[in-house]
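One structure coming up, written as structure tokens, with questions to follow.
Labels for the chains are A, B, C and D, by order of writing; each one numbers its residues from 1.
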Amino acid sequence: MGNVSFGQVVYLALRGELPSENVGKMVDAILVSSIDHGATPPSALAAMTVASTGSPMNAAVASGILAISKFHGGAIEDCMGALLQVQDKIQAREISIAVAAEELVAEYKEVGRRISGFGHRLHTRDPRSTKLFKLAKDLQVRGHFIKIAQTVESELAKQSGKQLPINVDGAIAAVLCELDFSPSLANAFFMIARLPGLVAHAQEEQTRQRPMRAIHPKDHEYDGPEDRSL
Amino acid sequence: MGNVSFGQVVYLALRGELPSENVGKMVDAILVSSIDHGATPPSALAAMTVASTGSPMNAAVASGILAISKFHGGAIEDCMGALLQVQDKIQAREISIAVAAEELVAEYKEVGRRISGFGHRLHTRDPRSTKLFKLAKDLQVRGHFIKIAQTVESELAKQSGKQLPINVDGAIAAVLCELDFSPSLANAFFMIARLPGLVAHAQEEQTRQRPMRAIHPKDHEYDGPEDRSL
Amino acid sequence: MGNVSFGQVVYLALRGELPSENVGKMVDAILVSSIDHGATPPSALAAMTVASTGSPMNAAVASGILAISKFHGGAIEDCMGALLQVQDKIQAREISIAVAAEELVAEYKEVGRRISGFGHRLHTRDPRSTKLFKLAKDLQVRGHFIKIAQTVESELAKQSGKQLPINVDGAIAAVLCELDFSPSLANAFFMIARLPGLVAHAQEEQTRQRPMRAIHPKDHEYDGPEDRSL
Amino acid sequence: MGNVSFGQVVYLALRGELPSENVGKMVDAILVSSIDHGATPPSALAAMTVASTGSPMNAAVASGILAISKFHGGAIEDCMGALLQVQDKIQAREISIAVAAEELVAEYKEVGRRISGFGHRLHTRDPRSTKLFKLAKDLQVRGHFIKIAQTVESELAKQSGKQLPINVDGAIAAVLCELDFSPSLANAFFMIARLPGLVAHAQEEQTRQRPMRAIHPKDHEYDGPEDRSL
């Protein structure tokens, strides 16, 4: 307590070793990047729905956790799988990142499968990815999988003709690979990051709304503090 | 198997004794009366929300179960509490049902508290209550708590001037008291009755809808078989 | 209520059609066959563990439901898959049950995979399977998949030299195939059947045990009614 | 990301304001103090039990969360309630901490109720409390509720004659009061802190143990790294 950050003990719990302060900061940044930011995701809706029936906080949170799954949070795990496939090619046949990434993109294209972690509805460059990668560099986290992710991004542009930038899921995936986490643990970070928001949604539902209201999945208004510098 | 009904083994699991065939039929009727009948209750919405993220059926069902709580299903337990309060008055002071019910209604009125299990948005008589009470009579289930519930209903009309008919929750409560179940077990019947529907909602969500859709709490259309005689 | 059994409405919820009284009886028998019968299965232990922390009944039940999964309850789904593979062979190539079953058993043997639903620690014939099949016959449920299961059983004896009788999971699987349920719904029956027991375990934990006790997975004594004729 | 700690965003999610870096460090320390440290608590057992059935990680974690409740984690909330009762006395009647604490201890004693957060099986002084309070001072967190807790501790010794030191739950309670959190949010910190351990237990169960094993609540051996300086 006081000597190590939460990021460091998360790493300790999941990997069995206390990491450097820098790695702790990297884990903290991953958690901060995935923090809850709205009432529309299924995890938030599930928590609010259960909270609205008068169930206690742990039941509402558990319901939200049950909604963090294949399609909700799962893109990180899928992207880690793709990045590790590239790495397997590199190691098995002693080829370059460029050749391995080209092959992978071609293979996905042939079977018509999307690579998770690339592409963004609005941005041609996801500012959160840029930030995470910059931070990884500053914290002297190895850059091998980030390089793989960036090469896949270039290959996608080349082979598909479309700009599919590394999004925040892809950036987290690259950093988690860098830190040697298994893909099966990817959603753990998402769950930890989302838990405080699930609690907040459940609390708000029970203190500010009438029980059993019909919870619209999109139609709600923000009434918190105005835009401000944090 | 084949010799006893599901209603009988439910009673056996919860009470430790195999009941008569008639009591089994009564339990079956209670379960049938609470069966799921739409996609708007929070339990159905929670199950669908979790199912839409790709979580397996057990996760979706668990989430629906977590939504069966104080305000969703809880009216039966509350009503059982009120009926047992009347019974306590009768036993403690050897007074009649009429006197005890009059007192209870007056007490609730004084503190401005509604008695759960009475009142219906549409009906002045809930046909499901009539049916359950008729069945209890046919199956020779004791009628003591049904009498209490009916007396409370009359008292409510007298003291409030409003028609607050025993609704299906109230009728189930009376029958469960008749069968000597503890109020803390009331929601168990609701959970058992709703589980098949939770499974059906989860299955439908995963086989007919796209993942992660925004699930509107009310706006959906029935597209099953047309009205027919079952 | 009163006119249809719980088994019939379970079928209605899951299939969208009200079945005959006989099919309702068959569903009831399947539910009765899977009813909880002890405190050692993971679903019971999960429910008791959660109940021991003071969590409400719905949380304990949800935890038990979360333990009904691939290895706990999943044998029925797996066996349905195998029986439907035999049926696919029959239909695709217009071959006999005998030929198709022989092929399937050989295929499983070659890859060293066990067929779920066959084999029993104690019995060389599972009396519950015999009972369920007899009941299916009495209730005039079609016997096609039961025939397939019995042929697989004979083939297993022939090809492996071991007696691997159809166990209760295999018998339920055959009957559920007979009733045209999808394998993905198999665990729904197990969940419905186990829910009353989960409630009973949670209730007992909270009313008879001290909070937070260490719950031993096997070491407990039965102190209910003595052996008796039910 | 990179600019704020996880502790700061936890506070932001739960209180709606981004706190100072120091408050973030305080929240981090609370989370670190509650991190999972063994396989015996009910939350760990529930997660392992569900994991052993082949259920996915989110189901195992949800089950663990459902076990964080009144008796498991709840001492913090209870202790916050007691400390706030002292504070209410102080404010309502403008009395000193000493007088208010004396009254509270006497009141609890009269009804034979224990004050949560005080007393320890082994220690006469809980080193984790000392550490947390020292840290609060270093981080310039207000010391009002810490003073209340320490005064209650002295009063308990005086009125009961027994040494009942502030334990880690009591220390966390005092600091959470200091940071103006509502008692209803106390278990949120416990859930966040325990989630990484729940994931680790589930992962270990599924990768190192055979499915459906009987999980003993106490009998397990540590086989991780040896004692070392972290």
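What we mean here is this: a residue touches a chain if its C-beta (ideal position, glycine included) is under 8 Å from a C-beta of that chain, and two chains touch if they have at least 3 such contacts.
For clarity, every value in this text was computed on a predicted model and none was experimentally measured.
Trainee: Per the definition at the top, count C-beta pairs in contact and tell me whether A-C or A-D has more.
Mentor: A-D
Trainee: Among the chains, which one keeps its Cα centre farthest from the Cα centre of chain C?
Mentor: Most remote chain from chain C, centroid-wise, comes out as D.
Trainee: Same residues or different residues: which describes how chain B and chain C meet, taking over half shared numbers as same?
Mentor: Mostly same residues: over half of the interface numbers shared.
Trainee: Measuring from the mean C-alpha position of chain A to the mean C-alpha position of chain C, what distance in angstrom results?
Mentor: Going by mean C-alpha positions, chain A sits 38 Å from chain C.
Trainee: Please work out the Cα centroid separation of chain A and chain D, and write it as a whole number of Å.
Mentor: 28
Trainee: When you check chain B against every other chain, which residues touch at least two of them?
Mentor: Within chain B, the residues that touch at least two other chains are 55-56, 58-59, 62-63, 66-69.
Trainee: Of all residues in chain C, which touch chain A in the complex?
Mentor: 55-56, 58-59, 62
Trainee: Which chain A residues qualify as touching chain B in the complex?
Mentor: 40, 42-43, 45-46, 49-50, 52-55, 59-60, 62-63, 66-72, 74, 211-212, 214-218
Trainee: Okay, in this complex, where on chain C does chain B touch?
Mentor: 1-2, 4-7, 9-10, 12-14, 16-18, 25, 28-29, 31-33, 35-36, 56-59, 61-63, 65-69, 128, 131-132, 134-135, 138, 184-185, 187-188, 191-192, 195-197, 199-200, 203, 224-225, 230
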